[in-house]
Every structure is written in C-alpha cells, then in structure tokens.
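Here subunit A shows up in two complexes: once beside subunit B, once beside subunit C.
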Partner chain A sequence: MQVVVLLAGVVDPKWRLDRLGLRPGTELADESGLPRRLSPFDEAALETALKLRDADPAVRVTAVLPGDVGSDALLRGVAAFRPDRAFRFDTSGLAPWDPRAAVRLLGLAVGAACGCPDLVLMGREFGDCDDGVLPAALAEAQGWRFCGLAHAVAIADGRFVAHRIRGPREELLRLPPPALVSITNDRGNRLRHPLMKNVMLAKRGPVEVVTPQAGAIPRAVVARSLAVVPPPQRGAGACRILSGPVDAQVAELAAYLRARRQAAAP
Partner chain B sequence: MESMEADILIVGGGAAGFACALEAAERGATVLVLEKQPETGGSSAMSGGCLAFAGTEMQREQGIEDSAELLANDLKQLGGTDADPALIAAFATHQLETYDWLKAHGQVFSPALEASSGQSVPRVHTVDPADMVRLLAARCRTTGKVTLLVETAARRLQHDPAAHRVTGVLAEGRDGPIDIRARNGVVLASGGFSRNPDLVRQFAPDCEHAVFVGGAGNVGDGLRMAWALGADLRDMAQIKGTFGKHPTDELNNHSCLCVYKGAIAVNQDGRRFVDESLSYKLLGAACLRQPYGAAFQILDEPILRSGDNEVRILDFERRLEEGLFIQADTLEGLARQIEVPEEMLTKTVADYNAYVDSGEDREFGRKHLVHNHGALRRIETAPFYAYPSTAAVYGTYCGLRVDPAMHVIDVFGERIEGLLAAGEVVGGFHGNAYMTGSALGKALVFGRIAARTALGAAAG
Partner chain C sequence: MMRRIVAVVLLGEPALTDPFGAVAAAAELAGSGRAEAILLARPEDAEAAAAQAAREGAAEITLVTDSGLSDPPQPEHWLELLAGLLAEDARGMLLLLPGGAVGEELAARLTMRLDAVPLGRCGRIVEDGARLIAHRAAYGGRAELVLETGAPRCIATMRRPAAPPKPAADPVIRRADLAIPFAADAPRPEVLPAAADRPKRVDAARIVVSGGRGMGGPEGFALLRELADMLGAATGASLPAVDAGWASVSQQVGQSGAFVAPDLYLAVGMSGTPQHLAGIAPHSRIAAINSDPEADIFRVAEVGLLAPWQEVLPRLIATLRDG
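Let's turn to the complex of A and B:
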C-alpha cells in the first residue's frame, strides 16, 4: 500500500517578515534566511499517513516536499518522523503562482515518489499560494477519486474510509484507490513529536533531491511584482489594535469602556 | 545628553528588580528601574512560579514541619562546597519575612504544596510568576516613588576610580543616551545570560546540546558591566541544564518532573543512568551524557495521576492532553514506540520494581522520590507512559560574587562601593545543584536585602 504525503511548508510565522517582494531575477517570494516549517494542514496530513502505517505495517509512506535548497532543513525535520522515504522535489526557479502549473508540478512529484500511489494525502490548503483548489485540481488532473477536508482516514476492505464533518454530521466516504484526500487539522490528527534520536539522525543523514526535467512544467501566469497593499480605510467604529506600552493600552481600553458605560447610562 | 537622578537605580524589571524597588520605595527612597525590553517580567515571568519558603503558615496548616534551619541544611547539602554558606544563611534568615511581605501585598499562592528538587519536605509555594511581577510593579506604582523606563538599556556603569565607587549608569533610551546618577547605589537585577550563545559557550561548553530557555534580555548585561570593573564571579563552572524539558516540543517552556513522583529515567538503550531523586540540575547533566543527549521518564498510570495540575513542573495531565506523553498498554509496546530494546526496558522496570520491594536500589542508590522525601513506588499498572526529556538551561545560576548584604565583590575580595546585585545575576548561592523555588525565591529575598543595604549605607 503506497501512501504519498505532499507537504508544502510555510515560512515560520514566529519570525518577522521584514520585507515582501520577489527575489531579484526570480518569480519567488524573497524568503531567504527565514526558517520554514510545516503548516498545520501539512502536519495533519503527515500524521494521518503515519497513523495509517501504525495500523498496518504494510503501508509505505513517502513524504515529498517541493521546494529549493532553503527547504532542506525542513525536510530533515520531516525525516525525523521516519517516513519510509522523504525527498525534496526540486522546484528551484519555479513559482507556484499558477495553479495549473502547480498541479502539473505536484503530479510529477507524486510520480517521482511512486508510479501508482494508492493514496495521496495533502493539507486542505497547500502552502501560501493556494486558494484551497490544488488538492481537488490535482485529483481531477490525475483521475484520482477525491475527498476534501477529511480529518481522519482509515483502511477497510481495500478501500480508504475518509472521515469528515459536515455541519452537525460526520460523513464517511469510502474511496477505492487511487484516491487523494485533503486533510484539515483536528485535535485527533495533531502531529506527534519525533524522538530526539531520530531528530539527531535526520540532521546527519543525506537529503534526497529529485529534480524534474527542464521545461516539464509549462506556465501560464508569471509573477512580476510582490508588494504590500495597505488595507482600505475603515469607517468609524471599526476595530483598532491598541499599541504602545501595556499600561497605556490598559488605560486607553479602560477609558473607552468608561465612556461607553456613560454613554449607555440613562 | 539627558540626565536623571534617583536614590537607587535598578537595572532589570523582573522579580528581583521590582522586589528591590518596592522595598526601597516603602522606605522612602526614590527609585528608577530600567528595563531594556518593551515589557517587564524577564525570566521571572517565564519561570515555573515556584518559591521555596520554609516555616510558612501554609505548611503549618497542612501539617508540614519545616524551618529555616532545614531549608539551609538542604541548600548546603545540594550546593556542596561551592555554595556560599553566608548567602544561604542570608536567604534562610529572610525568606519567611519575604513570604509574609508578599502575602501582605496581596500575593495569592496555590493551595497545594509540593516537594521538588532538593527538598526534604514539601515547600514549593506556587504562584503565577507573571502575575506576581505585575503585582510588585503595581505596588511600586502606588508608592509614587518608582519610575520605570522600558526600552531603556544600561550600557556602562559610571565609576569613580578614585573612590572605587559606582555612581550611576550610562543608559540608552528610546530617545538616545541618558546619564543617570544613583545617590545610594546601583542594583544589578539584570538576569543571567542563557540567551547569549558566546557566554554560554565560554562558560558551559558541556551544555552544547541543551535547550536554552529564558527571557530575551538575558544576555549578561549586568554581569559584563560589573566584570569590566573587576567584579569576581562565582559558580561559572556550575551551569547545567535542568532535566525534564521535552526535546522537540516548542510550546511548553517548563520541565516536567515525573521522576519526583516515582518515574524512572532511561536512556535510548532502555537503561537507567542516575539516581532520579537528585536535583534536576544533576539529572540534566547526567542526561546530556546519554546517547543523543536525551532520555525518557517511564511511569505508569497511578504515577501519572499523582501529578499536580497547579504546579507547572508536575502538571502531567495537561501534557498528556497535549500529546507530549507516549502511551502504550504494555511496556513492550511502549518500548517499540520509543525505539528502545523491548527486553531491556522490561528488564529495567522489573529490576527497579525489585529494588522498590527490597528497599535497596543496588544500581544507583535511590531511596526517595525526591531528595529526602517520599517512598518509592512500583511501576506496574497499565497504561504505561514515556515522557521524552532532555536538559534545558532556564537560568545560568551563576554570576557576580556578592556578600550577604548584596554588595558586589571584586577579584581582590573588596567591595565595589555603590554596586549591588540581586537575582539571577548573582553567583555563589546555588553551588553544585539547585533547589526548586530557590531562584525565584532568591530574586525576591536578595532584591529586598539589596534595597535595605543601599539605604542603610546611605543612612550610615
């Protein structure tokens, strides 16, 4: 049973993004020097894959992380969870702005993992450049069955059983392979912690990189600039973030509440 | 250049700084507190909130017999020959009045008292540490005598070489340099240096694999400023990581000490490696010598349920809910999950249980749950748990040599007049090991002593 988990990776939100723009000469956002980490949806997808292997040792998990050399540290972090194989699908110079190109790229990445996957798992949103369409678009492009927004997957009678919540109901979708399931984060699929031993071994181990053929991914959309656009002015009564020293914030909030109380008094 | 003046100038807005400021203000002094971060609190606010007090009314109400003498004996036993008996005596003498002082200022303690690292009886008095610092800061404000400058860093001590006396500091504020004169003295309460990799590498190369936790401002400012004036240093060779930090969890900044409730510690080979009742500083040092610098605390269901959710280092159930414990119905299953040899882990637990039954730990001589407190218990009731653990340097527990009045002492054994220190920047108190609650306790007790000394010196 071949399970491929596609991981996007995002810039670690704990770090301040001092600048926003394209890296000179490329279509890539300039995130150089900023550490990357798995998004919550990546983590949920990876944990779902590991749970499938816990339940059935015949499951083989391959983790694929598209990215350039800046993602290698993150790949080592993924390797610490001991998937059967983990590699970076080299996207140096390729930008994921174009969903059609991104789908093509991810299809090649899965193909590099194994010829015929039984199950592909990915987060409900794939990184920062996805509007939530990539999982469905990839399944459509590859002709795989699809379930979106699942929070758990099990295997029963050779089929995948995807659990998802729809309003007040929990749905169970039975999908024969090959299938793609996008995973939403949930208390039950919170990513386990790697053992320190495996973290240290992964730090020392080699990084496998698979490079797609040049020109394999035709693109329709080209990014020419990336900039911050100030939000539109809000009207009176809109939210405002208090700033400055905490004491000053507390004083301002207290004054505001007092004024509201006085205004509301009969 | 802007200039300012106060009776006492305090560098650092953590527990030591505000305890010093409040004590001084209550005695009528004007006080200036410099905090280089935008917020006050420092490492104190990040700490486990444990305070080691002895002989308190809480202990009496719970039938716990404790005293300043027993506290001092525990500290001497832990610290060995490196711990300064005069500093221990100063702490033991003034800790109970500091407990009462805190309560009088409205500090509320958690009702449960626990025994932890280095304690012969339960004497961990638990507070929310961030709230405690905020309380002290608020009390300082109400005196009208304390001025707090945030985002203002002390850069250099101003020194009169002829008198060998510190007269103030040169600080850097939001609007530029400030020349600050302190009529009665400068008190360094600027914390340790756990966030300064160069100093850590210089003084604690053995902690290369340890996790470092501490206030962002803990880069050794006060230490270096006093060092530049010839201050002597103490305990610099005693920096050790504290055992019990989950090595890959980034959300919890506190250690988890299941061993003090009856767990054992095993390495990646499934073998015990230490007497688990020792101070968690010593456990941390032993852990870092194990393969991968990490270990597992192994426990069963009754031990897990014996945790105390009011005490951060004993809050097992919350960590279980957060998925930090690894759980299995059998020891063999647990061994598979943590990738240690199954036979070795089951043998280690069986041997340990036999030691518990016989009353003699033939491998490591463990006699109690923690220090001299608590009877050992078997590990036998499923489910079984493993808590991955390494050592974290929460505080450097070393620094400036001071006398019991908190005067900073130079390398020739002489006072640097006008310069005092309190809190984590002080060395010589802990020595070889560490008692839970003695760092935060030291911050308060020594901070108040420093204030009294500075004002007494002026009066004299």
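Let's turn to the complex of A and C:
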C-alpha cells in the first residue's frame, strides 16, 4: 500500500517576523534569515503516515517536500524518521501564490513518488501561504476521495477510516483508495522523536532531488505585495491592569465577568 | 460587463454558525443593489431564508431547493448541487462561500469543478475594473498577502464584515427546484454518538474561557471548565495546548482552528500570538490572566490580571460561586 505524505514546511512560528516581502522584481517571498521547520500540521501528517506503517508493514511511506535547496536541511530532518523514501521536489524559482498552479505541481510531485498512490496525506494547511485550499483542490483535481481535517486515520478492510470533528459532530469517514486526507494537529498524532543514529545517518546521507518536467504552468494569480502586519487594534487599545492584593483583583475580575455574563445573556 | 458578486448560503449545514455571513460580505463588496445570493435549502426552509438574505443585502436571490437533501445535508451533495447549478453559467463571477471548514472545502473543490480560480480565505476583496484584488492572511496571520487576478471566475470564502448590512428593499427572487442525485458511491460519514463530556461548541459561544501553553498541564483545564460552566461559557484552547492533549482539537481557536466571535474572550496562560488572535473576532472583548507583564495578550486585552493562574482561578471560582 502506497502512502505519500506531502510536507510543506513553514517559517518557524516562534520566530518574530520583523520584515517580510517580495524580492524586488520578482514574486518570490524573501525569507532570508528566517528558519524553517515543519508546521504542526506537517508533523501530524508525517506521524499519521508513520503510524499506518507501524500498524501494517505492507505500507510504504514516501515523504515529499516541495522546495528549493534551502529546504534540504528540513528534508534531512524528515529523513531521520526513516520513511521508505524521502525526496525534495524542486520548485526553485516558482512562486506559490497561484493555487491552481500549485495543485498542478503537487500532482506532479505525487506522481514522482509513485504512479498510483493509495493514500496521500497533507497537513490541513500546506505551508505559510495556504489556508486549506490546496489539499481539497488537489484531491478534486486528481479525482481522489477527500476528507478534510481528520485527526486520525486507520486502515480497515482496504479502506481508510478517517476520524474528524466537524462542527458539533464527530464523524468517521470510510474512503476507498485512492484518497487524500488532510490532517489537523491532535495529541494522538504528535510527531515522535527520531532516533539519534537515524538523525546522524540522515545528516550524512545524500538528498534526493526530483526536478519536475512540467513545462510552463499557466498562472492566473499574481502577488502584488507581501508584508508583515500588526494585529488589528481592539477596543481603546489600552488594557486596564488590575492592581492591589490578589484577592481584591480577583473580586474586581469576578465583578467584571458577572457583568459580561449578564450582557451576553440572550 | 461587470462581474457578478454571488454569495452562497448552505441552509441546514450544522458546521456553520453564520450561514448568511458571506451574503453580508458580498453586499458590502458589491455595493447597493448588486449582490446576489444562492440559497441551497430543503423546500421547507426556503422562504424564511430568502427573507433573511434580503435583510443581509442580497438584491437578487436564487432559491434552490432539492427535496433529496438529507438532514443534515452532506458536503458532497452541496458540491454536486453547486457544480450542477453553475457549470453551464459562463458569466464572470466572484462566488463567496461562508468561512469555516465546510465553506472552505467546498470553495476549493468547486474551483476545480468550475475551472475557476481559488482565492482562499479573504479578509477583503476589491474590484479594480475587471480585475480583483484579494487581501488575505499568510504566515499564520502574521503577514498580509495581496493577490491580483483577472480570471473571469473566482471563488473565495469570507466572513461577515464588521459593518451591519444594508437590507435590500425589493429583491428579485428566482426559484429553482433541482433533483441532483447524491452519488451512490460517495462516502457518507458515520456520525459518532456524542460523548457526555463533549465540550460546548466554542464557535457559537457568547463567552469563551480559553487556556494556552502557560496552563502547564491538564489540571488547569479542569479549573477552566469549572469556571466556564459557571459563566455559561465554552472552553477554548490554543494550538500548543491542544497539541499537548490538554484540550480537544474541536476547542482549538486561532488562524488554524475555530474562528470565534464571543462577547467576551477570557484568555488564561496565553501569550497572545498573532496566530491565536487571528481566530478571535475584532469586536470581541478580551480579558487576560497571565503572570508575564510583557505578554502580548495585554496589548489587546481590555482587562488584565497579572498573576499566575494557580493563584487566581481557585479564588475566582470561589468568588463567583459565593456571589
């Protein structure tokens, strides 16, 4: 059974973004000096793939990381988890803003991993510039069954059983292959720690790079600008910090909460 | 010829808390008298929904009923209905779906069915002649990306704008009764029975009591739940707290979680990252309990209590219980 996990990587969310923009004369984001790591959703997708292989040795996991040479360190980190194959799908010089173009590239990336995947796993958001469009659009473009925002996947009777919470409902969705499931973070899919010997092996080993034979991909969306923005202002913008002994502060907060509860009552 | 601005309403979709939000967004974007709404509904829900769409500013309303829609409808069926309705319509269009997981999934999949351009979850869209300028968050809500396209068919999701909508005085209402079959081989979700301790739904709550990484463990969340019960609130959590297993993924608030719009958001042990704040409506009041005076949450809170939650929560619960 072929499981392909597509990983995007993000700028480390803990890193303060002081400046960010498009490289002059291009549509490429200038992320120089910003460390990259797997997003929580990438990690959840990778762990889900590894769990499927743990449960069934017939599962073969291929990890694919689209990106340029700057993503090689991240790929080595992925290789330390010992997927059956891990490669970088070279997207050097390509801007990620056009979802249709990105979907086409991701389809080629899966094709380079294996001709006919049984299951493709992706994080619920694919990188810093996707808000969940790419997994659903890729599934639709490829004609695969889709389940979004699952937090666990198992295999039963040749089908993928995806577990998700949607609105007020907790659901199981049984998908025949080929299927694409986007994964959200959850305690049950926190990425394991790699063995140190595997980290060392991955550091020394070669990085496999696959170059797409895509030709020109038509694009319908261009980026005008990319900029760091401050959080929106709320209220008067001045926080009233309570003062005095803790008991007095608590009493004041309780009074505030009671008033808000009354105001919020239907 | 001007592009049509069309919002979609999915009536009866249980995952949506504001099914008409995209209509209000379309009305604001299109200006007076130009916004259209497509309402997908079962026949018994249709007329009241048309009146609501007019109040939200839709000047042209297409009421699409399908007696074959199940209760609740399946997302795959919504997709088939929308694709069937719009596939033959070659006019230039910006289609807006409601924010949230269902709207976003449908928008993405529909773009592939209709050969349209997906613009994602937009905060603002502006028409510039025949082109669209779309503003949307990137980098976990820390940056804004401005995209431009001249594609005739575009699809985005938008939430309700802050300004109240101007009702349409005399809307044109069309009706279409479809009978698009739900594909026999489409997967139907098996809905699991609700657990007795399932948390109250966070995206529909008037008050949210939420905990972050600073809670340090599950014990603090037990106190948060007790406090939330006293306030009639839902319990929310940040992504790190969900990752740590202290709360369910359904409680996750933020850019990559639920979008909440309560009257009050009480943030406990939370630093207030942009990624988290992106999931809280701008009009929501924030109160914060945190021991770190430098925590960014105090930059956006209305009221702050500067102390460790371990000292505050037991006292706060006791005070509210006594009062």
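Here are a few things to note about the model shown:
The definition used in the following text is that the second predicted complex is superposed on the first by the 220 of 266 C-alpha atoms of A that agree within 3 Å, B and C clash if a C-alpha of one lies under 4 Å from a C-alpha of the other, contacts with A are read in each partner's own complex, and residues count from 1 in each chain.
Criterion: contacts are C-beta pairs under 8 Å (C-beta built on N, C-alpha and C of every residue); 3 or more make two chains touch, one makes a residue touch a chain.
The model shown is predicted, which means the values in this text are computed figures rather than measured ones.
Looking at the shared chain after the overlay, A:V209 reaches neither subunit B nor subunit C. Set side by side, subunit B and subunit C differ in how many residues of subunit A they touch, and the one touching more is C.
Of the two partner chains, both subunit B and subunit C are touched by A:V246. In the superposed model, A:L195 makes contact with subunit B only, not with subunit C.
By the document's definition of touching, of the two partners only subunit C reaches A:D131; subunit B does not. Look at A:Y256: by the touch rule set out above, it reaches subunit C but stays clear of subunit B. When the two complexes are superposed on chain A, the residues of subunit A that touch both subunit B and subunit C are 190, 246.
Those residues of subunit C lying in contact with subunit A across their complex are 13-16, 101-102, 104-105, 107-109, 111-113, 117-121, 133, 136-140, 142-151, 187, 189-192, 194-195, 198, 201, 206-207, 231-232, 239, 242-245, 248-250, 252, 256, 262-264, 266, 273-275, 277-278, 282, 284-289, 296, 298-307, 311-312, 315-316, 319-320, 323.
Looking at the complex, you find that subunit B touches subunit A at residues 38-39, 150, 246-249, 268, 291-294, 323-324, 338-339, 388, 390. Interface of subunit A with subunit C (complex): residues 10-11, 13, 17, 20, 40-41, 97-100, 103, 124-125, 128-137, 139-141, 145-149, 151, 165-176, 184-187, 190, 220-229, 231-232, 234-237, 239-242, 246-247, 249-251, 253-254, 256-258, 260-261, 263-266. By the touch criterion given at the top, residues 190, 192-200, 245-246 of subunit A touch subunit B in their complex.
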